[in-house]
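Presented below is the structure to which this report refers.
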């Protein structure tokens, strides 16, 4: 990982935001790869906002989970994707974002998927600086694996 | 923008369809980019079918919004994506489509997401000609930002 | 298609799994392409788990369709994508997976989208071997075209 003289690394900026980069889980019996490369593109598999394998909340935005919790989960999901992206790109400082898709488990009436997704987008910009700039899509889905309120998927490249 | 002698440009074909290419909104306080390039790929962020920032309809296909309105919104969403794609590719005549994903806010019983998406697909072919050919995915989602009935996301390249 | 001396081809492994590679439907009046290439990337359009154009089940996981049926449909949808991928890549043995997105029509309470998607992921690994490795996203959507319980989308390349 590039570590400039000032110590102002992406990892330190992540820590300022209150996050550590989680260990990647063992491949174990997973049926799919955490990421896959095609030329310069790094496709990161959809990630849930687990911490030590646990979800702090379950259910739908608009019914079970409020906006603040949704935003917190979106940040955690983004950090979990960044851990994979950093492993693929050769360090967090080398992650250059391309696209993020934010899936928000939502009631039919919930309409603030952008508010949830903004929390993840801001974290990417705060941590990665200009490399964090990304195209984004936020949608509300019926439900997600393990009844997670949020799931995040990324395409990135190595800077 | 390429403007051949006959004046038969993508922009003129768009006008024949009854659409103008909207101005891109100011980046302002958006937390993400309208598009992001990776090698030849241009990832366009998910776009709602707003006109001058307003949605003409809100809610779900199968409950609040009928098929004709959904198709109209899909076309408008596609035009909004094309405005971004044209800016990225160096003009509408240089936009070459790759993939379009059409998200349709739907009741559990609604099953004509393809009918909604076909309206956007046809517009791409009518306006861009062979460059408008694209792989497509149409799905029904629980809800969308601002309770929009439709959201559209594209990957394209520069011809 | 590469056909090694042992006759152990991807096609034969697909047959061992109980599947044949379906004929691609005629383009006919489809408004979009079954796949689109951009450099090395092959974007396969979203495919339903039809057999001879028919869906064996309709509706939602968690209400109308049980997990076993959902898994069977996920495998069939993956096979339908593979037929397109094989045509694009120059044979099933040359298909190298990159990303699979598994859309599962779900009730708000259903939380085993991963269980559904695992069936498709396993089939890719069984049939394509190491080339079947892929990044994956599984999400629960409100509904799908023709009330299909499952839809599958892929990005792959030619090995």
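Note that the chains are named A, B and C in the order they appear, and that numbering of residues resets to 1 at the start of each chain.
Definition applied: a contact is a pair of C-beta atoms (placed from the backbone, for glycine too) under 8 Å apart; a residue touches a chain by one contact, two chains touch by 3 or more.
Nothing here was measured: the structure is a model prediction, and the numbers come from that model.
Student: Subunit A-subunit B contact: same residues or different, taking over half shared as same?
Tutor: Mostly different residues.
Student: How many degrees of rotation bring the Cα atoms of subunit A onto the matching Cα atoms of subunit C, given to the nearest 5?
Tutor: Rounded to 5 degrees, the superposing rotation is 120 degrees.
Student: Roughly how many whole angstrom separate the Cα centroids of subunit A and subunit B?
Tutor: Chain centroid spacing, subunit A to subunit B, equals 26 Å.
Student: Residues touching two or more other chains, restricted to subunit C: which are they?
Tutor: 39, 41, 105, 107-108, 141-142
Student: Can you tell me which positions in subunit B touch subunit A when the two form their complex?
Tutor: The touching residues are 31-36, 38-39, 41, 43-46, 58, 60, 63, 101, 103, 105, 107-108, 141-148, 151, 153.
Student: Within the complex, which stretch of subunit B touches subunit C?
Tutor: Those in contact with subunit C are residues 39-41, 62, 97-100, 105-114, 117-118, 121-122, 125, 133-142, 155, 157.
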